[in-house]
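Two complexes come next, and they have one chain in common, chain A, joined by chain B in the first and chain C in the second.
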Partner chain A sequence: MQVPGGWFMTAHVLLIEDEPNIAEAIRFILMRDGLKVSTHAGGADAIEVVRTSQPDLLILDLMLPGMSGFDILSALRADPQTEDLPVLMLSAKGQVRDRAAAKKAGVDAFMSKPFSNAEMLASVRALVPR
Partner chain B sequence: MPFDLLVLSCLCYVILLFLVAFLVERRAVGEALPWLRSPLVYTLSLSIYCTAWTFYGAVGYAARSGLEYLTIYLGPTLVFVGWWWVLRKLVRIGRQQRVTSIADLISSRYGKSNLLGVLVTLLCVVAATPYIALQLQSVTLSFSVFASGPHEGWQMPDRDSTAIWVAGGLALFTILFGTRKLDANEQHTGIVTAIAVEGIVKLVALVAVGSYVVWGVADGPADVIARIDRSAIADWELAPSRWAGLTFLSAAAVVCLPRMFQVLVVETGDERHLATASWAFPLYMFLMSLFVVPIAVVGLELLPEGANPDLFVLTVPLDRGQGGLAMLAFLGGFSSATAMVIVAAVALATMVSNHIVMPLWLSLRPTPAVSGDVRRLVLLARRISIAGVLGLGYGYYRFSGGSGALAAIGLISFVGVAQILPAMLGGIFWRGATRTGALWGLGLGFGGWVYTLFLPSFGPDAIFSARLLAEGPFGIGWLRPQALFGVEGMDPLIHSMFWSLILNGTVFCGASLVTFPGPLERLQGAAFVNVFETGNRGPQGWAQGKAESEELLVMAQRILGEEPALALFQSEARAQGKEGYLPDPVPGFVERLERRLAGSVGAATAHAMLAQLAGRAAVSVEDLMAVANETAQIMEYSARLEAQQEELTRTARQLREANEKLTQLSVQKDAFLSQISHELRTPMTSIRAFSEILMEGDLPPEMAARHARIIHDEAIRLTRLLDDLLDLSVLENGSVQLNLGLANLQQMIDRALRSAAHTRPERGFTIHRDPTAENIFLFTDGDRLAQVFINLISNARKYCDADYPELRISVRQKGGRVTVDFIDNGSGISKESQELIFEKFARLSDQTRAGGAGLGLAICREVMANLGGTITYLPGQGGAAFRVTLPLRLQRAA
Partner chain C sequence: MPMTALTGSRVRERRLQLGLRQTDLARSAGISASYLNLIEHNRRRIGDEVLARLARALKVEAQTLSAGAEGVLVEDLRAAAASAGDEQPELDRVEDFVGRFPGWARMLAAQHRRMGLLERTVTALNDRLTHDTHLSQALHEVLSAVSAVRSTAAILAETEDIEPDWRARFHANIHADSERLAVGAEALVAYLDAASEDEEQGVVAPQEEVEGWLAARDWHLAELEEPGGRARLEAEIEGLASAAGRAMARDWVLRAEADARAMPLDPFRAALRAEGDPVLVARRFGVGVLAAFRRIATLPGAIAGLVICDGSGTLVFRKPPEGFLLPRFGAACPLWPLFEALAHPMRPVEAVVEPAARTRRRFRARAFCEPHHPQGFAGPELREAGMLIEPAVPDPALVPRAVGTSCRICPRAGCPARREPSILLEGS
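Entry: the complex of A and B
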C-alpha cells in the first residue's frame, strides 16, 4: 500500500453519521487512503464529541437523531475553538435548497448522497489542512 | 204613584238588566251558550228599532195622523221580508270585512277612507242627537205623568233635572257595559241579551195595555172597531207622497241607523238568523202596532181635550186607576228608551273612537305606542264618547225646549241617517261607486238635511231666524230652507228628504261615474259587491272559531313561513287534543301566536293584526293579508340577501380553508418528497459506496462477502420501501381491492404473531391472550387485517424497551363492533408523539432500522379506514397501547 506524504498521515477525520452502513463505507474508503477516521452516530452529543476529539476535518450528516446537522454546524461556527474547522456536509435529501442553506451556514463542502467514492476522497483531500 | 217608588222601580229594573248582562257575559266567557246566539235573541235585540218613540209616540202619531204611523213599521217589514237582497249581503260583508260600525262599513268600502268614516260618524252623531233627546224626553214625560198624582215622599224635580238624571244614569249603565273591556270583537253579548229582555218587556207592556183597552175599557174588538169608526182617525185620508216617503224613510233607517246596524250586522254571529228574523221581526212589529189605534181612540175618548196623546199608553191605565198596569207600561217605555240609548251610545262611541279619536291620537303621536296604552286610550275614548253622545242628546232636549211631538223628532233623525243609504247601497251593489262620489253625495246630503230639516227643527229664531226661514238667506228666495228651488207646499219632512236624497244620490252617481276608484277601492269594491262569490267563507264556514283559526293560520304562514306556522299550529292543536292543524283559537293560543308573530313583525303590529283577525276591526282581512304579504316579501327578500351574504361568507371561508389546506398540502408534499428522497438515497448511498469498493477488487473474500451482504440488505430495504409506498398510495386513493370473506379473529392473530416473530427474533416475548374472546368470525378482508396486526406486533417487538417484554392482546365485542387492543409493558409513547405516530415517516426513535421507513402505522390507519374501522393510540395503559376497532360485518360500499 502506497503511503502518502507525512502531513497527511496524521490527519484526523471525524464522521458523524447515523446510518451504520454508510458510516462503514466512508470509514473504509478514508482509512484505505491513510486517514485516521473516528465515527459517531448521535446528533445531540455531536458537539461535545467534536470538542474532545479535535478532528482536522468533520464530515457531518444533515439528518441526525436529536440534533440536525445545521444546528451542530452553527454551534461549531459560534465557538472560537471550532470556527475554522473544515466541515463537509452530507445530505440524503439532495435538494438545492439544502445546499444553499448549508453554504450559508458555513460549510466548506456539500455532498449529496449517494456519492462516488472518488468524489468523497477528492473532497476530503481538498479540505484536510496541509 | 209616589215618585220615590217610581225611581226605586226604575233602579231595580236597571239592576235586573245589569245582572242579566253581567251573568250572560260571565257565562259567555266560560262556556258557550247556544241559545244566546239563537235567532230568537237576535230578533228580540232588533226590537231596539222600537224605541220610546214607537212605544209612546206611535199612539200619539195615530191620534194625530191616523194610520200613517204604520209606515214606520212598513218600511222595516219590507226590508226584512226582502232580507235576501240587502240584509243578507250586509251581514255577510260585515262578517267578512269585520265591520265595526256603519261608518266603518262605508269607510272600508271606499278604500278605507277615514275622511268618509269621519263624515259618516259626524252625520250619525248629529242625527242620533235628536233621537236620544227623544228618549230623554219620553222618559221625562212619563216621570212627570206619574208624579202629577198626589205628592208623597220625594218631590218630583223639574223636568230638566229629571232629564239630566236619566241621561247620567244611562251614560253610567252604557259605560259600565259597553266599555267594560275592549273586546277583540265588537260584540257585546251581555248588552244584546239585556236588550232582548227589554224587547220582551216592552212588547208585554204594550200588549197588556192594549188588551186592557180592548177588553177592559171597551167591550172587545167589535166595540173597539165601532169606536174607531166614530173617531177622527176614521176620517184620515192617505197622503200618497207622505205615505210612500215615510215608508221609504223607515226602510232606509232600519239599515242606516247606527244602533240598528250595530245589532243587525255587528252583533250578529250568523246570517242564518236573518231568515228567522225576516218573519219574526215583522211579527214583533205587528204585535207592537196592533193596539196602537185602539189605545189612541180610547185615549181620545176617555181623556180630556188637550191631553198629550203621546202619553196615552200611560195615562189611560192611570185614568182608570190601574196603577200596576201603568207601572208595567212605564217600564215598557223605560225599556224602549234605555235600550235605544245604550246601543246607540255604544255604536256611536265605537265610531267616534275608531274614526276620530284614534286617527287623531295616532297622528299626534307618531311614535309607535305600546299596545296596552292604545287599548286603554280606546276605552277611555269610548267612555268619553258615550258621555258626550248623551250630553249632546240632553243639550238638544234642553235646546229644542223638550217640546214637539215624539214622532216628528224621530223622523228628523231618520232623514239624517238615510243620507248614508246611497253610499251604502251603491257600495254593495255597484262596483263603479267611488270614494269621491260617496264623499260628495254624503256631504251634500248631510248639508241638505242640516239646512232643510235639522236646523229648522229647533224652531224659528232658534238657529235660523224666522226671516231666513221665510225669505231665504240674504233674501235669496230659492234657497229658503223649507222651500228649496221654489218648491213650495211640500211637507217639510218630505221636502227635506226629497231634496237631500236627490242631491245625495245624483251627486254620488255622477261623481262616481266621472272619477276612477283607487286600487284599494277597486279591491274593496269587488270584495263588497261580489261578497257571495268570494268563496268558501259562507255561513257554514263561520262555524264559530274554526274559520278564525284558519285565517290565523293563513296569516301566520305569511309572516312566519309555511313550515314553522304549520308546525306551531299542529303542536297547538295536539296540545288541545285535536287532529290536524287547526286548534281552537283559545286566548292562550292566540297569546302565544301573538308572541311568535311579534318576533317577526314587532309587538305592536302583531297585536294589531291578531286583534283584527281574532275580532273585528276597522281594517279588512284582505288589507291585513296585503300587509302580511308585503311583510313576507320584504322578509323573504332580506332573508334571501342574508342567505346570499351567508353563502358568500361561507364560500370565502371555504376558499380560505381550501387555500390553507392546499398550502399545507404543498408543504406536506415537499416534506414527503424530501422524506422519500432521504429514504431512497440512504440505502442507495451504501449500495453505491460498497459496490464501488467491490468493483476495485483486491479485497479479502470475507470482507467482499460482508460488503456484498450490506448491498443485498440495502437493496431489500429499498424494495420494501417501494412496496410500502405503493401500498399506501393505493390505500389512500381508496382504490384498494378488498378481498372480503369470513375470517376467524383468533386465526388471524395467530398468523400475525407467527409473521412478526421474524422481527428481532432474539427477543423473548410473553404474549397474553384470551382465546375464548378471540373466537369471533368477522366478515372483512382477513389479509389486510392481519397486516395491521403484524405491524402492531412487530412494532411492539421492535420498540418495547422493557427488560422482560410482554404483549397483551385483548378482544371485546360491543354492539356490531369488535375492538382488539395491543398493549405492551414498555415505556409507551409520549403525549406529544401520540399525535404524530400515524403520520408518514413518523419514526420516533432511531435506535434500530430493522423495519421499514416509518410508514407502518400510516398504512395501518389507511387499512383500518378501508375496513370501516379505526386504529387509535390508547393512552394510560402503562405501555404502548393500540386499539383496533372494526365492524363485525363490513358492509360493501354501494
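Entry: the complex of A and C
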C-alpha cells in the first residue's frame, strides 16, 4: 500500500507449500513484484503459523504433509481472527471436484498446477490490498 | 395385487391358440370350468398332476406351460425395468410379453445383462481414476515437477536482470525437477502398461466369474476327492479371465479340498442320511458347521443352495437353489435367516421361507454364523455366515416367513424391512 509521504507498506504474503522449488519460484516472482513473502512447508502447524505471522494473503497448497489444505482452510474460516483472510489455493490435481470443494470451503481463488507466472501474479494482485 | 403366474397365462394363451373354450378344455383335463378359469387368471396354483393333464389336452409338454426358464426371464426383465428410469414399461404385462415374444424378451434380458456389465466396467474405470492412490500419486508427482519447471523456466527466460546467485539456484532447481519429471513419467508409463494388461478386470465381477465356473462344473469338483487332485484344476483356473477371479477360485478350491479331506464322500453321505442335521453332521467329523454346509451344497447333484456372507452382509458366495432367486449384485433381503444368524454367532437359525416368486415355493433355510479371530486377541473379529437353502417339505399348517430377493424387485407390499421402493409396487 502506498502511503502519502512516499514509503511503502509492503503487503505480506504467506505461502504454505511443501514443494521447495515451487515455493522458491513463487517467492521470487512475488518479491519481484514488491511483496513481502514468507514460506512454510508443513501442514500440521500451518494454522499456528498463520495466526502468528498475520499475512495479508495466504497461498495454500491443497496437499500438504500432516494436514490437507481444506482442513486448514476450515479452521481458519472458523476463527474470527482469520475468517476474512484472503486465500489462494493451489492444487496439483486441479479437477473440477477440487475446484468446487475449494469454493465451498471458502477460498477466494483457486489455481491448478502447472500455472503460469503471469496467472499467479494476476491472482495475487487481485487479492492483495495495495 | 394378486400373485400372478406365468403358467396360468400360458394355459390361456395356448387354449386360445387352439380355439378351445374353457368348458371344452376343462372337460378334457377332468377339472371344473370354474377351477380352470381361476388357474388361467393365475389365482390358483396348479399341481403337477393337473398341469400334466392340461398339457396333454393342449398337446404341449408340461414344462412348456410351467414357469421354468421363462420365470427366470421374467425376473431378468423386471430387473431391466428397475433400471429403466423414466421409461417405465407395462410391468403388469411382463408375462404376457415373455409368452408372446420370447425372442424379443430374451434379447432384452441379454441386453440388460450386457448393460450391467458395461456399467460396472465404467464404474471400475472411474474408481481407478479417482481412488487409485498409485495413479493419483504418480500424477501428483508429475504435475508438481512440471509446475516447478514451468515457473522456474519462465523466471529465467523473462527476468533480464536476474542476479547470478538466483540464476544458479534456479538452474539447479530445473535440473533436479527435470530428473524428477523423468522418473515420474516412467512410473506413470509403467503403471498404465500394467493397467492395460489386466483391462479385462471389472468386465465380469470376479465373484460371478468363479460362480459361473463352479456352476458349469455343477458345483462339485470331483478332482478334489483324490489326493493331489487340486493340481489338475489349475489349468481350468488359469482359464478364468481376471487375476482376481483366479485368486478367488484358488481360495475356494483350497477350502473345498480341506472340506473333502475332512469329510470323505461316502462316510459324509451316510452321516447326512443318518443325522439330517448339518450341525450334528459337522460334529461327527469334527468340522465347523459352515464346512458341513459347503460340503452338503457341493455334493454331486446336490439340490441344496448355499449363500455365504461376510460380517458386512455382503454375499461372497452364491449357489442359487432352483426357484429361489439370489441377487446378482447388491444387497439381499434383510429378512433372510442368514442375517439373523450373522447377528447371533454360533446359534443355529432355521426358518421356512417363501420367496416372492410366482411359483410360491417354500424353502427350508438353515443359517449359521462362525466368528474368526485370525490375529487372536489383538485383532478384529471376523464373521462368516452361511445359509443352506433346500426345498421345504409341504406343511399346510406352517406359515412361512415371507422373504424376497432384493427390495428393488420385490413385490411385497407393506414389508417392515423395506429399504427402498420396489418397481413392482410403484403406481399400484
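In this text, the second predicted complex is superposed on the first by the 120 of 130 C-alpha atoms of A that agree within 3 Å, B and C clash if a C-alpha of one lies under 4 Å from a C-alpha of the other, contacts with A are read in each partner's own complex, and residues count from 1 in each chain.
Convention: a residue touches a chain if its C-beta (ideal position, glycine included) is under 8 Å from a C-beta of that chain, and two chains touch if they have at least 3 such contacts.
Here the structure is a predicted model, which means the values were calculated and not measured.
When the shared chain is aligned, chain B and chain C each come close enough to touch A:M63. Of the two partner chains, both chain B and chain C are touched by A:P114. Contacts of A:F28 after superposition on the shared chain: both chain B and chain C are touched. Of the two partner chains, neither chain B nor chain C is touched by A:L127.
In the superposition on chain A, A:A92 contacts both chain B and chain C. Applying the stated contact rule after C-alpha superposition, one finds that A:E19 touches each of chain B and chain C.
In the superposition on the C-alpha atoms of chain A, the part of chain A touched by chain B in one complex and by chain C in the other spans residues 19, 21-22, 24-26, 28-29, 63, 92-93, 113-117, 120.
Only residues 674, 677-678, 681-690, 692-693, 710, 713-714, 845-846, 849 of chain B touch chain A when the two sit together in their complex.
Contact residues of chain C toward chain A in the complex are 136, 139-140, 143-144, 146-152, 154-155, 158-159, 166, 169-170, 173, 176-177. Taken in their complex, chain A has these residues touching chain B: 18-22, 24-26, 28-29, 63, 65, 92-95, 112-117, 120. The residues of chain A lying in touch with chain C in their complex are 19, 21-22, 24-26, 28-29, 32, 63, 92-93, 113-117, 120.
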